[in-house]
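Please see the structure below; I have some questions.
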Amino acid sequence: MGKGRLEAFSDGVLAIIITIMVLELKLPAGEHWSDLNYTIWSRLIAYALSFIYIGIYWNNHHHLWHAAERVNGAMLWANLHLLFWLSLVPLATEWMGNTHFAAAPVTAYGVMLLMSAIAFSILVATMIRGHGRDSMLAKAIGTDVKGKVSMGLYALGLGAAFIRPWIGLTFYTIVALIWLIPDRRVEKRLAEHGKPGTQHHGS
Amino acid sequence: MGKGRLEAFSDGVLAIIITIMVLELKLPAGEHWSDLNYTIWSRLIAYALSFIYIGIYWNNHHHLWHAAERVNGAMLWANLHLLFWLSLVPLATEWMGNTHFAAAPVTAYGVMLLMSAIAFSILVATMIRGHGRDSMLAKAIGTDVKGKVSMGLYALGLGAAFIRPWIGLTFYTIVALIWLIPDRRVEKRLAEHGKPGTQHHGS
Amino acid sequence: MGKGRLEAFSDGVLAIIITIMVLELKLPAGEHWSDLNYTIWSRLIAYALSFIYIGIYWNNHHHLWHAAERVNGAMLWANLHLLFWLSLVPLATEWMGNTHFAAAPVTAYGVMLLMSAIAFSILVATMIRGHGRDSMLAKAIGTDVKGKVSMGLYALGLGAAFIRPWIGLTFYTIVALIWLIPDRRVEKRLAEHGKPGTQHHGS
Amino acid sequence: MGKGRLEAFSDGVLAIIITIMVLELKLPAGEHWSDLNYTIWSRLIAYALSFIYIGIYWNNHHHLWHAAERVNGAMLWANLHLLFWLSLVPLATEWMGNTHFAAAPVTAYGVMLLMSAIAFSILVATMIRGHGRDSMLAKAIGTDVKGKVSMGLYALGLGAAFIRPWIGLTFYTIVALIWLIPDRRVEKRLAEHGKPGTQHHGS
């Protein structure tokens, strides 16, 4: 079974995405504190936000594949499709940071987040189809309320960003918080089944 | 047996190739939708095409080595030779995207694809030699019709690109589709042998 | 247990951080030895210093997780938090190198080192909480004198850098030396317990 | 034993080094074949040469650690020391390529190769000390004639490059060929010991 290499390749791509964004945090030209101007802080905030998103995706990806028992061609391509959208995050981050969170870049960032969330749910659906409705994987994912709520909030956020960028950003941040705050019930249920290492479920 | 490290190293190189192309998708200078001009879309399309090619190679590489039972010096170097040609994909992609798919860059892109396909078939031949004609690996690969057809189409495509770039691109796209559309017979035969995780065979 | 993938992802991020700094060692414009001017040497020295720091963190991270028996959500995020601060090292390095170790960049570099050290001790505390006070991991870490001394020296160093950059750098270098010089007693105690591969303990 | 993570981290660093060199192969400005000028070919040749060197180091590193049975702090740092010198290869490659193989860059490239070779032999010595003179590792490495000859040729080459760059390059190429041409006796002896996967020995 090729699960190991699929995870290793995804880890590699996610590790690179999360790190190359730093190359785009261009440097102050001068050598004084005053050279750390507004643009640099704007880029740093955009970077921190994207770091958290990629972290959430890595986390969810990790838990999703942890429950997987097999890999087929459809899953491989659904996984690459997700990585494609995530690979555009550095670009959207840079545009947003450089323009001090202007309307168009914030909307474009939301489009990227929404497409990534859709790609994740396609991956989840592909994996459930490949494992069967009665598989442990299907049960571990359940109805995936979090995933559906996230997509709705991204859509609302990118719509709002057209009018006021900060409203869009507020929506995106709420989604991040939903995933960052641990889901105690899931942790407990998994702990009961003797799997202390898996405390989140797929997005 | 060093198969694990060879796979890990190849995964690393392929993950980096697929991701650094994003660094070359230079950003719009302004903050408006109108700043997403034709050049940016041209670069994005070239990026998506190359992402799919690297994805196909990763997929085929994965299945080829999955069937391997040993590694020797010749296989190591045949593998590095393949990675060398694939490492030039970001360069050809950037040139093609920046020039809005002009004749010379599209031809150069085809040369790169053809060289990668030749390198892959050298790797396959080296591995069959190292495992023997009667090995499971040799049987899994079979006559490799897809690989030979691909090389022919690349050669036709790069020739045609000299005259009309879009004809060349059509040929390249046909090769990508040949590999993306799953080969039902292979999947079925492998499933009969109880290996649900391997549903493609080497290029 | 997801320990394997967490280590692989962290290895990937640390490997990229340590290597992309090279991209920022911009080249001499000319082709003569005299083109290797003071700025290039300044960047090289900053690079070598950061290479050693990332090496120390990789080393400590390696030994910390080697002793871990489980992973939970809090540990995953504490780990990502550490990687976030370490991912800013290339930026601080570049600023310091380009400005020939001016006061503000040297202080900023110290802030980054201090934040990374704090993030490491948060990770250690999270892991001790997750494993229990009587776990092997808690015993292996002990009172973590080195970690506390390091944080103190970083704080002193970044304060001093405000006045004289070279005093700050001296403090930072002392911390690096503390970690580079092997701790014979720890090596001996671990050797007694039959674990020859682990000769450092967590920072 | 931490051998697995050390190999994974080294693979990551080597994979990044070998791939980021492509980012420095700057593109032709125009869209015609004539825009592939002499500088671009010069950079491509330098890239191919460095790709082969990193490939050789990965190969030797792979076989050296394959024979290792344990890891200690000294080996970890000797390994990082080797990676430090190899991480400077992209820089030397770029300088050499941009200047059409001028005297100073070719000499600098030789210094880098020599320092890497010295770092490799320090790593080998550290590993033999850690495993004992009678260990399988020490026997597998033997007298390391190839490694010593390489260092001598690098030293001669960088001396000669001061006068005529092409003489230096000839020496460097001879070293590459020494490592590329398989050593039949070693392959045979290892095959007799039933280890078909290891057909080179450490540099």
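Which chain is which? They are A, B, C and D, in the order written, and residues in each are numbered from 1.
Simple rule for what comes next: a residue touches a chain if its C-beta (ideal position, glycine included) is under 8 Å from a C-beta of that chain, and two chains touch if they have at least 3 such contacts.
Remember, it's a predicted structure, so these values are computed and weren't measured experimentally.
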For the homomeric pair chain B and chain D, should the interface be classed as same or different, according to whether the shared residue numbers exceed half of all numbers used?
different
At the largest C-alpha centroid distance from chain A we find chain D
Suppose each chain is reduced to the average of its Cα coordinates; what separation in Å results between chain A and chain D?
38
If you average the CA atoms of chain A and of chain B, how far apart do the two points sit, in angstrom?
27
For chain B, jot down the residues that touch at least 2 other chains.
8, 12, 15-16, 20, 23
Sites on chain A touched by chain C in the complex
7-8, 11-12, 14-16, 18-20, 22-23, 25, 27-28, 30-33, 35, 48, 51, 55, 58-59, 62-63, 66, 180, 182, 187, 196-200
Which stretch or stretches of chain C touch chain A in the complex?
1-3, 5-6, 8-9, 12-13, 15-17, 20, 23, 70-74, 76-77, 80, 83-84, 87-88, 90-91, 94-95, 98-99, 102-105
